[in-house]
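Below you'll find a set of structures to go through.
Next, two complexes with chain A in common: one pairs it with chain B, the other with chain C.
Our next item is the complex of A and B:
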């Protein structure tokens, strides 16, 4: 008996030691960040490592580490910091970034998508940038027209800065050049949606295996690809014609909406629209590549024809159907912010300043390593090195629109060398929505917002791809929106918009 | 109270002490992973603001729960969740036990193993892949059904992803096809564990195969059936997200028959990203599950005390 209890006490002791060891380990890791951030003011302070998280729209490059090292050489010298690039696949971005923000994960600089922006701000997940911009971000302010940087303001304060790229958009259709030529279509005569009927009919009659119109990508309806209204963030309460005297209206009740979905239905039943459009998971260019379609409605910008031709592997032409508009959404869709748990916001801002002003960093992020991923052809124009092409290049991100100031980026061979000047004109000449700079905060009506979002999800794709007959469905849709409280959201939006307008 | 009794209790405690010690690692695991996060339940009653922190955020009572009950969808999602899961539980039980009994009757070892693996295989396939298998069958443009099966039967092509009426059957079929194999193995293990002497005795008495199944096999695996069913009942308010979200390709036209609590919450909060509202949904689901487990255990207890979980 005694022997056994002795044994037991030994076992118990071992367990206790093991447990306390676990506890001790925890304490150590919790202590370390404090000690590293303690030595800030010293003359020879150790370089600060910035964790930079962003969404990867394409495959994550195999040589990302190399690019990161090359950037670190520059940042070490200029701002005494190193960076760690954390790309996250766009598909899981919303969830993962939310997790990173909600947990205590070290995160110093992050890509902010316009869709999440106001909710980040209202939940206090982003730092206020006005002062930091003033002190360490002058380079960023110089890049932009004031109206664009002000577009990112929420309640008069800036929480993220847009990347400098196409800040406006016009809607139109991209079409296969080979088929345009084959049936000698006069694309200059196409000015409105109705002008497309003839073209679609020709294609349908002569190319039986092809649907003339394919959707833009998964979850994007044809209304998303052709907006005649400022969606004010989410299309729940919109400004028709980007003005409407700042009167917010319910898009789904407007006659224009009814006409548009009716038009889509007539196209769908005529066989002009991909039958699987509502559940489609492929991108527009992939569908064209597979010979399934001849064109797609899309939000356009200068240089788009070449960009999409490259991903479709065939020549495309762009036909604009609307003028260019700048809205809060078009400006704020891609931004950079500093999360609330960033330990050294000054360094974060200094790094942001660099991606708007330092040509070398911008090109490392946009194109990878010179000599390996690209070579300079002449002046500002680059091309793939010998033996490298789009299929085997290591640096696959290809998302120059994201990393700070795209106007500092090289231009790829085949693109217009003057693209950035054109883009600047495009931005500056775009029709600015009357509500440019207004962002809606859904927090006060979030109960209704969740319900209405669900109703929209239920009807949107089917209606806005022509997959169902709008006659009965549209009125069902509207009555369900009403019972879910869309009017309350619109009233709230109107109230916020009026408040915003009075401060302008 | 009674000194004799307390001595007895002390000796039994001593006797079982090693077992209590063996319990410790498991308990520690449970406490860290299952009990400590329960403090997070307060999030469901708060208007979370990361600047103020979890404890500092404002209390807002039941406001986070409102959206779950606000609209006419509340009825549809609750109905869908419960009815689907109820059907799944019954079907899984019947199919899995049936197949397990059949498998047990196969005397050829090799064949028996082969069938087991074939039946289990769908369980191991990711739902995303299953959704594409289904899409290959049902696609409007290239689907097997629309291009081969229906024309062969002389029927018009159907727009499957816009027809809510057919999806209860499709989803039930897929779920059973996917899930029964796994349960079947659990039941098969229970059946194999039955002492062969019962069957030998029964055969001597001239009992038919059917009688053996009814009088020996089923009663002896009843405890396993009860446990598996009670566990499933506890999760009746959760639904297989992949099945209801991926397989119908998130097609809005199908929501009437495919929207369940999990997909509703996911879709409603994708844009808001509000963790208060999502924890509210989670709390609501676990609460209902908890009540249902208590209730069904109570019923089992009434019928047969030995089979009850607690």
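Our next item is the complex of A and C:
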């Protein structure tokens, strides 16, 4: 009874707001042209507040409120809306965002991670964006090559738009420059994994306390940081060479996989790979900093070596080992969507459009407040103000790759000022996987999926770091995968891929 | 002969107890030593009781970040103190009536309490009610009320204590002396119930001190993070960033910005110290609770 009366009052309130808004609108058209800006707020439709939730990869800034106010000044003027930024730590993101979505909490714009995307869509938690993009999101469409926006399509419809950043990835090895120089290694001659043997041997012989190759970080195997196939989401059923005529194959049965783990094993027995690579808990740069390693395989983007050099506190150089590829995963890993909770999707889309087109908003979100968190050094390059450095800057998010169009953002001192042009070329020249735009829905085979994932977790790290001899283990691994039903998953994936291909 | 046998038993008993204590204390010791080990030494040599090089970087860093850490500390202390106090009051106020045989509807009430031990509303409905009807998201109440404030198990524990250790004649004599229900409860029952109060208080205190789950679900505002949810956040962030390889070109930098291992250990150390200090005070009541039960049979 009480609940009902509460609902009733809400409905009444909404009706009254709608009525007063209509009345206000009329007033505005007839209103005096010289009304002050303060008066304008009353006459115009009251600004809509958008709750913008996103994942924070770093510490949540202490001056977020100031940044939000600064953004609101712009959005009030441009789209008559204000925003409320709701950052959520990345580790709690899946849980908190799910709760917000399923409890119909007020949420108008949200970050969508590639690995939650299909599940959001199949649960109907995201709104279709095609029409909204057409009407209010032209700025977003102009930023991208069509194939990248289409990569986020599920059943022919767009539910989220990727942020504009490094949309492709190539694999390569980052190496310590001081050691390269010391032993005058010709890194230009290194083109493939096999070419690394000589380098590793030199390092092993001359630096007995150092392991040439260390893992990227905890839980990441060398196959994760050097792929020659489109993982189609999860590496269970893959497309070798990013094409393979759209024939899904079992990665773990391919001769290439056997060769690769064999190669890793030979490196491991020769002492080229960190002994505890399978259980390592440290990040690559921490290992380099501690003089434990000389290099690591990693997925690359322009500027990666510089970025990691800063973390490692030493100069690193990159040797690319594969061309750049764009896959569904590389494009959709960071996106923006409008949840079903959003009551005013038009405004949500207008705001999204702004973070792809408005340089001021992008830089507020990326770098904080000018003069306090950064100062412009020259042109596009910024630096910390006097007395501020990385350890005491208030705006700590540092995740330009997330907020809309990173190419509008300033470049921090020390980075290549032309990085965004390079990144754009990198994206556009990347080889697009034949299955770019396909995402797998594991729902129909979820029992097998869980079983197979368990088997993979059991073997993966040991095999893919060279810690065990692949001869017997690999066949064990494969027979266990078979009995857990990997073939059924691959058949399902093939079916979905064929359906997807027929609609392209 | 007999003497020797006892001595042998003594030795065995002491050895077992020594080993057991060592198994309890050594991890703490390792935690503490790791927190004062030099950062690079940990990466090169791993954890050790006798590190090559000590370093107090973690604690200096902690001191530098003290604004955040101490706020979190303050939140934890506030939540623990207020939560435990309120929880004790309402738990005893429910447990006492249902321990009295003359209370009407006593059994349905007890069953109602018992029922909550077996079934609960599930996460999403609970979240929905707390955030949309009570609107406690991002408030300090969110750390106090959900799932912790009232615990059916504690109510039943207290009820059993009231029923078994407080003799009915004592209550009757109070009644005859003219004490009302509240007076009886306040002047007779409570002073006799210190052991159970201390026990339940300790349970609750620890539950509040260690809780990170409410912080995980209901709090997005960094100003309201408790110490445990801060630590939990650091750990889950590390886990997420390091296992999500699709993001690795983005997450690499974030991963390197996260607090180092020694720092995480240092937070754990300062998080655990107060609760270690609180234990000895409650120990007294614990023992008393057991002996009272033993003597009265």
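As a convention for this text, the second predicted complex is superposed on the first by the 461 of 504 C-alpha atoms of A that agree within 3 Å, B and C clash if a C-alpha of one lies under 4 Å from a C-alpha of the other, contacts with A are read in each partner's own complex, and residues count from 1 in each chain.
Going forward, contacts are C-beta pairs under 8 Å (C-beta built on N, C-alpha and C of every residue); 3 or more make two chains touch, one makes a residue touch a chain.
Everything numeric in this text was worked out from a predicted model, so none of it was measured.
On the superposed chain A, the two partners chain B and chain C do not both fit; they clash. By the touch criterion defined above, A:102 reaches both chain B and chain C. In the superposition on chain A, contact of A:301 is made with chain C only, not with chain B. Residue contacts after overlaying the shared chain place A:220 against chain C, while chain B stays out of touching range. In the overlay built on the shared chain, the residue A:143 is in contact with neither chain B nor chain C. In the superposition on chain A, A:115 contacts both chain B and chain C. If you count the residues of chain A touched by chain B and by chain C, you find the higher number for C. When the shared chain is aligned, chain B comes close enough to touch A:457, but chain C does not. Of the two partner chains placed by the overlay, only chain B lies in contact with A:448; chain C stays clear of it. Residue contacts after overlaying the shared chain place A:326 against neither chain B nor chain C. Using the contact criterion defined above for the overlaid structures, shared-chain residue A:283 touches chain C, although it does not reach chain B. The clash between chain B and chain C in the overlaid arrangement falls on one stretch of those listed (186-194, 222-230 or 258-266), that is 186-194. Chain A uses residues 102, 115, 219, 281, 292 to touch chain B in one structure and chain C in the other.
Those residues of chain C that touch chain A in the shared complex are 40, 43-44, 64, 123-124, 127-128, 131-132, 137, 216-217, 220, 222, 232-233, 235-257, 260-261.
Residue ranges on chain B touching chain A, taken from their complex, read 17-18, 21, 24, 28, 48-52, 63, 66-67, 70-73, 135, 139-141, 159, 161-162, 249-253, 255, 259, 264, 267-275, 277.
Residue ranges on chain A touching chain C, taken from their complex, read 57-60, 62, 86-93, 95-96, 99, 102-105, 113-115, 165-166, 169, 216-220, 224-225, 281-287, 289-292, 298-301, 304, 307-308, 311, 329-330, 333-334, 391, 398-399, 401-402.
Of all residues in chain A, only 8, 11-12, 15, 19, 94, 98, 101-102, 115-116, 119, 123-125, 219, 234, 274-276, 278-279, 281, 292, 340, 442, 446-451, 453-455, 457-462, 467-468, 480, 483-485 touch chain B in the complex they form.
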